[in-house]
Amino acid sequence: MLSVKNVSKTFGVVQALDDVSLEINENEVVGLVGENGAGKSTLMRVLAGVYAPDRGSLQLGGKSIVFGSPTGANLNGIGIVFQEQSLLPNLSIAENIYLGQERQFVRLGLISRQRLNAAARRQLEKVHADFDPRTRTSELNFAARQMVELAKALALEERTDRHLVILLDEPTSMLEQRDIDILFARVRALRARASFVFVSHRLEEVLEISDRIYVMKDGRVVAHMPVADATVPQLHQLMVGRDRHAEYYRESRQHAPRAEVVMEASGLAVDGAYREIDFTLRKGEVLGIAGVIGSGREELTRTLFGFLPQTRGKLRVNGREVRLNSPSEAADIGIGYIPRERRVEGLVLPLSVAVNMTLASLQAVKIRGVISPKRERELAKRWVEKLHVRTPSVDTLCLQLSGGNQQKVVLSKWMNARSRILIFDHPTRGLDVGAKEEVYELIRDLSDDGIAIVLTADTLEETIGLCHSILAMRDGRVTARFDASPGSKPSQVDLIRHMV
Amino acid sequence: MDPEVGRQSSNSGVSTPALREPERAKLRPRSLRRLRPFAPFVALVVLSLLVGALNPRFFEFNNVVRIANSAAIPLVLALGETFVIILGSVDLSVEGVLAVGAVVISLLVRNDSNANALGWTGAALAIAICAGIGCLSGLIHVQLRIPSFMATLGIWFVGVGMATLALGGSTVRVLDTNIRSLALTRLLEFPLAVWVALSALGLAWVFERFTRIGRYVYAIGGGEDLAVLSGIPVKRVKVVIFTLAGALYGLAGLLSAAQLGMGNALIGSGRLFFTITAVVVGGSALTGGEGGVLNTFIGVLIIAVLANGMVLLGISPYVQQAVQGLLIIVAVALSIDRARLKIVK
Amino acid sequence: MPPNTAARNWISIATRMRGIAPLLVLIGLVALIGMLKPGFLTLDTLVVVMADTATLFIIAAGVTFVIMLGGIDLSIQSVASLSSVIVAMMLPGAGYWAFPAALMAGLFTGAFSGIVHVWLRIPSFIVTLATSGLASAAALLLSQARSITIGQSGRAFLTWVTGRLFGVPSVIIVGAMVAAAGIWIQRYTAFGRYSTAIGAGEAATVASGVKVNRQKAIAYALSAGLSALAGILLAGRMSSGSPTLANELLLPAIAAVVVGGTAITGGAGGIGRTVLGALIIAVVRVGMTFVGINIFAQQMVFGLVLIVAVAITIDRGKVLIVK
Amino acid sequence: MNDFTYPIPRRTFIRRAAVLAGSGALASMLPYRVYAADKVTLVNSIRSLSNPYHATWNQGGQAFANAIGADYVTLVTEGDSEKGIADIRAVLAKTGGNLVLNVDPNDSPDARPIVEACVKAGAYVVTQWNKPADLHPWDFNPYYVAHISFDGVRYGEETANALIKAIGGSGGIVALGGILSNTPAIERKAGLQKALDANPNVKLLDLQVANWKSSEAFNIVGSWLTRFGDQMKGIWAANDDMGTGALEALRAENLAGKIPITGIDGIKLAVEAVRAGEFAATVSWDPYWQGSMGLAIPYAAKTGKFESVKEPKSHREFYGTGSLVTKENADEFYKTHIESAPKIDFDDLWGRVTGQIRE
């Protein structure tokens, strides 16, 4: 019904899309996979009317159309749920759902809030979300906002009699398993009234939800197939151009941690978030924290880097009892933090790779207390080689790098600061398979060097695969501890039943 | 696996976990956050009680009228500034545009330097001209992509320059009784100017709450890039807002001319910082997206009461600035919601 | 996506263009005025212009530190006036000790602004507005609200301001030293580096374990400190101090910073650019007199030139959204 | 996702080009005047043209320039001392010092650098109102011709007395002061004080600073009405702008004319108010005279009509004559000074000398 015909798009001289064609039929879910920078997001934005194609055309029911703007796309029944969510925190749910579409509620030049909220409630019902439409979206958690996004996309039904096409741009990348299940349930249910284009790095999910799958690489569609004929390794092969590593999580490289305890928590608690947390972390150990949103693991992670000082209990680092009142205190005693919000907390995007790498410890590049740009660049170059950061130069601004390379810059920042304890907060979020593998590789290297790691991962596989031991949390308490040394790794089911 | 958990997980829709997280994350009782918006109001009440306790005459009805009268012009100015600030921008052209407004009006209505006597038409014209200047600021800002700070700073000079040029530096006296009546005629004990300001407030509030552009202002302040993606004509909205601000400064110019019975190029001098301070004290964030005209209303009253109190309490002119500064810090410390603005610039 | 070489060159060229834009504007203006009034291009005139720019530049340099990390300092002019008063009052008695005293007063006021700003988390706009009130109140009380003339005796201590060094007015040399020091601080010290980082991405800087609050406090202290220095120069040039001496310097100073191409939102720019910005402002002002623009039109022309100058000089590359 | 982060350079550049073109156009607008260095230039340097007082000053200067057919330039400080000095240096450089300057320094400190600059360039200068006490014309012969001021104390006292007379010799009055540190503000306040000392049964209820501005005066008077009610019998203002602001505040409460006001400067609005009986009095400095004679005197010195060295100190630092405008002489004054430009004999250099300035 909706089809893309030989579309090309270039930015400056970057060929983002190269003669791409793709077909979306009614009531089907089309999966779209590819590495970062393969052109998925660009394609989505072309479909959503954000970009106009340089060459080629979009066709709706056989005749080619030009959207011109997101609104134009909307009027043709195409809605998008962006990877970076497009809800405004300072507006209410209802205002967000109908942002830009208020005209229909205007009576005598004024917006009727009753009508607005009533209409919003109707949309929310479609996704079985019973929030008060007047709530500020800043009050909602991520999963809930995702539902609102979906409802927003579905609201298109009222504006067009066309069949809806809803573009889901990595909607699951930040969701917990349970919320993913809910989302998929909704999508299946809604298939009756709309088609979906589903973009994700998690191939298992794509296989689970899609009817047909398109594979993109370097701005081209390299393959497309019905889901029946697709397998994870095969997709992976098509995307990356090589087979998925036999043992994804490098489990054979997992060695038993050293004896020396570097971090120890006893009765740790933050009122209203979590309580009675005990654990010990040894040199070279990877300690996983599993739990759904609201289990308190997010807050625990933040505590360990001084964002959210504990209100009770003891925390010992290298034997000394500490209360981390600020990130700088944490950094000073050799703790590093790889944040989930890479682009916000990880990097100063408008600054160069070199500057970002040395941000946590300028000591290394100072000569007699004075920063030596020369030494700084040399140091940066060394890290770039060591971690294979793909960047034109160490002076390149970080906002020009791809997610995987950005993550490596963040890592080298802390390795450069000689941190002995690293807090990984969803380190592979939004990374493609290739980049993920590199991160896993790095985590193993670090642990071999005796660096202790606390990991909260995106998926349970990841947690299980990477960690030496795992804490399962629920409602702010530790509900179970697992030894995850190779051979005796717990199953996902084991974890889940202690998480929910 | 224990049945307890089983049931819990099975019947937990999206909504249950949905609203669970923020309470935990913010780690602050909701009730407290709910009270936040009223902090400026509390500050105002406390301040008033303080002054009133030290000088009971503060609460005399006449004084209330005088405070209202002294707050009228600042309120109109602050209304214009509020929308600009919610956009996340700032408008420094207040004094310049106000001067143009006052001067043009005094030259168009019956005055002592030329034969014009356009009356209200003249006033309307002047306000239109000011709207035009505001529009110009907006266009410079969005078209040349110059920070509003700089664009409006330039326009400020241009405005004062125009006013000086128009009068050759002299002062023109407003003789039009209709215009003067704004300041001299009273309705229910309050000068008309006060009612004009209040109706401006009312309209601004309706504009903010119930019109599309009004809501877009918040959308842009909350996240300009997202606003663009939602198909909001960001540039147009911005220009409209700067134009509206200009018009309001023009209105303030009208009120000034009526109040002082004259127009001159310096009539607006000293108004800018008062205006922005009032907006911020009211609880609107300079980073945009938060606050509103009702906040500004309180903010203006706080500053006005402060000024009135200074005189009533006979505080030495030497230290007035200092006292005012400290009290403003206190007021802002009370009124801004730090939990919400993660970064304070 | 992988940044493509050609695109990168484009960007780097554009960036370099932006880098020298303020210089081009300055040269352009000087050339223009010289064309209309050749008398302007004499060495003496240019030296005088530079000398008259020194104070403005030093104040602007101070506030540059604050603007770099995304704040604003509205107390600079009061602090300068305050320090002029302190100098004028102390010179007769304390001699050279007057200068450190004035500087300390400045640093202290700035530190106060900074600390209130970061501890109470109140917008710098408000805090510094208040500090400004405090400073001028202090100046009024100290001076009994009079401008204090510096007598012959006092003026002896001010030769380092009023005199000439190798035939160059020493204010120019002082200005140059401040510029050099400022550029050095921003390039080669942790503080300078962190300020830029804070301006460009505060959250990430915090999460890198940088003591952000300390950097901010330092920046405000430096800002006020340099304002105090400017106040001393003013006192020297006017050979007197007054609680309103520098009152009209606030806006020109901030304008100088922005015209130089430093982003008002922070993170991009620097003292080097402020040098040019200050010179541009000065040249435009004097130039208008020199060329003889109708006195009534001067303010308008000034405003327009400001806008045009910024339109050319401002660095849009790193600022994704212009507020 | 950095597709968003780059504005396409081409567009930016086109825009910038457009802007450049614009600035070019701006440049071509600049009026192009030629000053022949052999022809003397007359320069008035004042605070700003945005206030009536200096606007009239400027007209006076223009009038004298026309009278002798010389080039005339006005400089404004806009309250910024540095700008004022820089501008003066600029014209000195431009005219090679062949000029006479009549300057009302923005602040007393400015006088010294200005005078020094003029002496260096060999230009003849007269300062008015503000100068440091230890800066004397006779120390800079012949170029620093004279300093003219007006006895703030005396006229502050005269207006105060007029006010006291108007309130019938007893009762409470309030005072609106100018920017605290300005010399005129200080002197005029001192004059007020003298008058109060002489009239023990008149009480100064409060003094507030309205920074010479009518809008600030307006609000202060409002608050005073609350604080003092009908104890407040009269309002003394250190200048007419504040006075008129006060008047409008009274008018808003139907008290105009009931509570007498005095101002200083003699601007049109004030004189009209005096005629209407709303002002008890104001003092006119005759800025027209200041603007013209402030040029005529140094011009005479330059052209050798007299040698400044030979003049007595009472001609080098003198108080000019201000005229108290009250109900009695208001109409007359209005005809001669407001409706028509005052007639001034440019040769009568010392006609308005009312004594040497006291230290």
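First chain written, first letter: the chains are A, B, C and D, and each begins at residue 1.
Everything below uses one rule, namely that a residue touches a chain if its C-beta (ideal position, glycine included) is under 8 Å from a C-beta of that chain, and two chains touch if they have at least 3 such contacts.
Since the structure is predicted, the reported quantities are computational estimates derived from the model, not experimental observations.
Comparing mean CA positions across the assembly, the chain most remote from chain D is A. Pairs B-C and B-D differ in how many C-beta pairs touch across them, and the larger number is found at B-C. Averaged C-alpha coordinates give centres for chain B and chain C that are 29 Å from one another. For this pair, chain C with chain D, the centres built from the Cα atoms lie 30 Å apart. The distance from the centre of chain A to the centre of chain B, each centre being the mean of the chain's C-alpha atoms, comes to 41 Å. Among the residues of chain C, those touching two or more other chains are numbered 1, 3, 7, 10, 140, 145, 203, 296, 298-299, 301, 304, 311, 316, 320.
Counting partner chains per residue, chain D shows two or more touched chains at residues 2-7, 9, 19, 49, 180.
Along chain B, residues 144-145, 160, 164, 168-169, 225, 318, 320 each make contact with two or more other chains. Those residues of chain D whose C-beta lies close enough to touch chain B in the complex are 4, 7, 15, 19, 48-52, 54-56, 58, 177, 180, 206-209, 211, 213-216, 218-220, 222-227, 229, 244-245, 248, 251-252, 267-269, 272. Residues of chain A touching chain C in their complex: 11-14, 16, 36-37, 39, 305, 326-328, 330-332, 337, 339, 341, 344-351, 355, 359-360, 362, 366, 370-373, 390, 392, 396-397, 400-402, 413, 417. Chain C makes touch with chain D in their complex at residues 1, 3, 7, 10-11, 14, 28, 32, 36-37, 39-40, 42, 44-45, 48-49, 52, 55-56, 140, 143, 145-147, 149, 151-152, 234, 237-245, 247-249, 252, 282, 285-286, 289-296, 298-299, 301, 304-305, 308, 311-312, 316-317, 320. Listed in rising order, the residues of chain B touching chain C in the complex are 87-90, 140-142, 144-151, 153-162, 164-165, 168-169, 224-225, 273, 276-277, 280-281, 285-286, 288, 318-326, 328-329, 332-333, 336, 338, 341-345.
Note for the complex: chain C touches chain A at residues 1-8, 10, 187-190, 193, 196-197, 200-201, 203-212, 267-268, 318.
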